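Below are two complexes that have subunit A in common, paired first with subunit B and then with subunit C.
Moving on, here comes the complex of A and B:
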């Protein structure tokens, strides 16, 4: 891994001295093949079908700082007061043991930092190699090539983890790295019949033009249950590209909730694949946009086997000139009978300049399936607004109430009350800052 | 209490109210009757300050002051209340949250102390009981899954909570069976007082057997074409609008 070919693609110059295990490990090979793929493809362009609505060309004009470890103070307060959570904190892409609380992980929970491991266990290498995303995925390939750190987590068979596991990713501008870039890779294996709640949160400086590349791989074995909550509240100037990969074995269940409200440009892409019958995948999201933010939610759900269910509800609230994207592709293979696949995307456009591109899509090759999709977009309902105001509720409050009401349908799908309340509170503070009756208020 | 002077109003550029004159004194109940499409609901919206209902001429005085520049919430805080002909369903807003937000918003605007959760709950429970509204209903999202009659009762519940000085009831009787009509009328009658005024819009005379008006007005094509005592309602019932209103069904 010494000399590199000249490349016109951004970030390639960061490829270099490994942080993790030396030698011809699977990780090294993954990094090398990631680099090769990325060198060939480069960053996505709008000519690619899957990137039609999200433009990353501005990335090549920016100059990000090479990932460097930072051990100083971090001013970013907690994004989520998890209280009793096991917390793993990463700053500028690297694990910070001093800020984390993973040492008292209960029996059956193995949690480590990728960069800190002397040898990456076989199971983790297998998870890393078992991506449910396609091979020619340039954003993931970039992540593979440059991955430095992240969490390596395994929940043992039959273990029901009570405390949520919170992975906090913080970016802060430093003297060494005024515009930090991070390449995070999380590896999660949940063994048979285990159960766990994993929260990923992302937060960073508003004054840095930084870049976060993150990829998380979840392998959920038979009858296991995973609740995954991702809270993206990155700094306003940042770019956030996330790829989530979920592989589900028979009778397992994965419930994801994705709250995106930060970054100038963000994409949360989820690939879910069923490998055994009777499994359930739920993917829900709330995206909040203001200013000139661009927020992309893209999902691929692959019903490769029969008798699985998938259900998605995404709701967006877009103000000012912000732009939202939802692309959802549900594929039902020829043999995947008795599939139930649903997706719904609804967007509230608070301004005339806000825009949503919503493209729920079904590709069905089986005949005995129940599938449905829907997309709606609209403004706040004038009649409802008048009804509330005629009861003495001022316009700003009435609008906020209607926005919250709009999001209720998706928030109610969050079982965990603490997390639901937290998300509600995030939404309220977003409304205070942006959406609250931004228009027509004197 | 309320003085409507030569009120003309348009919606989407279409002139609907064509010079309405009406004075209601404190303590009085006036009824407005009229064929469908005559502008009754439009009048109620204009009085409440709904966006898009443009006053092209005339004035509305409430407690002696023009309110045409006031927002709907300002009007509500100063004691105006409209019971909607078609109450809105608002999924995601629990009825209780709505009631408390509204009541406290009005109180705040008037410089009164907000009610805490306990006091509020007690107040609502009492009023709901009087109107035979089940508590379970109040836990549901606002008007969602309510029957027509339940929605109307919920309007009257709001009215008795807010205790307005001027209540406008737009066809609150429609969709109610006779028992519900009695309950709702009792609720309205309980609010009758020398300090309050009411404008009761109805298509049918039936309601006026329960809420007996001091005056009855007939609105046709955006104008009041006749006014009289409560016997006018009876006359309309017997002869139909056709006798009074040209071209009415």
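Moving on, here comes the complex of A and C:
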């Protein structure tokens, strides 16, 4: 047991020597180095270029409850009914076997909870060690220091998993933890030529001020295919910080879809790196903001090797005083010829007080590449509105139709029909709750 | 590729001829002591017989500068600058008594300008360009004064304006770029030596295009011009600025400030062809060009248009901006930035939309070759009150060779739903097809590259006044010599 130096940074006091520092496994070392990095850097400030538009100072002013296991009832139903999905449920940051259905995982699919494993297998340690995010990433370092639980998943070579794997993360205020905090780390290895759909969903109490720190690492080996869907509908008072890391081998493919509609402050950060030629990365997202929500989507795509393609489409609809952020950085390394990298971000501002900040960035060090980005911001097009209204559709309906149509461009990129329909439903109910896209003149 | 190799060898063998403006004029120069402190500032101010308030302003800036840090966010790398290791004032000695006419100007100086192709003489009169030539820091000669005076236009060195029109200078100086704006602008505010002052009175369309040719001659001198242009209600002016510097081994600092003020219905068109010495093929020498340029469309219907062709400088750090304060105001930014060899350019613009129905247009063409790094960095900001504002941005990058870099860093901030922002960017290289097409018709590779690049830049070149457009087209070709193969 080592004693910790006094720190002004929040959450450091959660670093329980008992859990984290015993032994000398890779995980322990990761925790220790994460803590050291976090203690040096602290939480990001707006003076950091990558955090220019997202302010986390509110985090240090709040006090959160230490992560504790909760085994009581969870009144909340699932955000997403996946029917036949293999489901792993985590409540307040810890795995709940009683609510999960992973025991009947098909052959070739190994699924466990990190906290429940006596020893973490070598492959999982390797995945954990192979972060595609930079080392001086304080939010990730904080997660590394305090990671408690999460899923450890491996799809064996040539296995095509038909049933989606659903990771449900639920936060609920309890007597022990009125303001829960959870630190989740998911580790996913997809072997050669395998294929899988992984859904992450986040949901929590609207009446609690809570904090979710989550990080997921995906290592996708040759010719494997991963479809990753993340649905974030956390409670309105919460802060949600997610870091997704994706490493792609040759000819592999990763298609990510990120729907963000919850939390007071949320950030979904994705780091994608190509390690082999002929791989494809697709990152799409929909962000919906209302009230005083702040929703940040930040992506870093690193074309480190030749002949890979990346494509991103993010669309946002912002109402009331909400604020949306999209930062996308595509880097093409010196020898990464034949790269094709595209980014598109479009935002509808429905209110005079809403704000969008977009920074689609290209850093290109190779000449034989095709890279493009586009960005637009504005209200619904008057002419489109007029077209509908001249056909007898009232303004509110017409606006709602146009907002839906605006978002459809992203949804159509989702292959899975069930998930697409679910997202569509989420968007419709959001529109219903927020004046169906009506102009909110404040 | 044998023939190509040959071309490259030929080009490098005549490398020293490449920068044709790289000569040094041998004139005695009066220097202030090396280094920077309050005494130097007092010295500069006294030399220029400035009013007391000007000295106070300079000192205020200097004290502020001492507390500031050099900006490090740009994608450029250069060794730390020792600000004490430079001369902050250099005036040609033979010019202590200001000449009344061209005949009195030192013939050595006139020769310099001739080599630069600035016809200060009769020919230029026919061409109809008035030149305020800045040689190192002191304005040497100003032509066409009489004709401009007739129209009521004031066009003179800013040091002279401080004596003849102190009220105008005092009213507008520092209102667009405050003395505390940024590290280099603050340094400039403290030590600026000279620059141009232009005032176009109400309703006047300036009868000719105004032009300043800047030139750094003395070794180890920094050049700190300060330009202030005011276009009063309903007036129009087109201002041209060209820059060259001699070839030297050490790096020289150039930190200028340009302030433009456009009042109601006024229009200012500001064109720059920047051809400072870029350093040699190995990245030795060259100018550090850290410039703050900003225009303020202060009242309704005003328009400010920036056009720049940046081919020179070892390091460029420059963001000509528009503050669209008045309703219905317009800002434009047309840019070509070419970086070859070890050049580094981080340039772009800021369009700050404050007023209703303001519009802005950004067309940026970046070309990287050799081992150069070229970055477009721009901000489009729609404020809450910018109802009905519009922006269109297009940033295209062209890469020649696989050792250079082209980067695009746009910032888009919108707080108004009725404001429409559109941004597009592309990156590409010269295609084999295009080259083949040209070569097949007997155009050699270098010429073909110049042709294709000129086509790539056409939208911006078209914005330049005619005389400049021709020079700029040539520069585009020269800057890229030796970049293919």
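Here, the second predicted complex is superposed on the first by the 427 of 442 C-alpha atoms of A that agree within 3 Å, B and C clash if a C-alpha of one lies under 4 Å from a C-alpha of the other, contacts with A are read in each partner's own complex, and residues count from 1 in each chain.
We take it that contacts are C-beta pairs under 8 Å (C-beta built on N, C-alpha and C of every residue); 3 or more make two chains touch, one makes a residue touch a chain.
This structure is a prediction, so every number in the text was calculated from the model and none was measured.
Contacts of A:404 after superposition: subunit B is touched, whereas subunit C is not reached.
After overlaying the two complexes on the shared chain, residue contacts for A:373 are found with subunit C alone; subunit B is out of touch. Look at A:415: by the touch rule set out above, it reaches neither subunit B nor subunit C.
The partner that reaches more residues of subunit A, of the two candidates subunit B and subunit C, is C. Of the two partner chains placed by the overlay, neither subunit B nor subunit C lies in contact with A:97. When the two structures are aligned on the shared chain, A:350 is found in touch with subunit C, with no touch to subunit B. In the superposed model, A:358 makes contact with subunit C only, not with subunit B. The interface of subunit A with subunit B does not overlap its interface with subunit C at any residue.
Residue ranges on subunit B touching subunit A, taken from their complex, read 45, 48-52, 71-73, 75-77, 81-82, 84, 87-88, 90-93, 98, 101-103, 105-106, 109, 141, 158, 162. Against subunit C, in their complex, subunit A makes its touches with residues 49, 334-335, 337, 347-379, 439.
If you check the complex, the residues on subunit A that touch subunit B are 381-384, 386-395, 397-398, 401-402, 404-409. Per the touch definition, subunit C reaches subunit A in the complex via residues 73, 382, 384, 397, 399-429.
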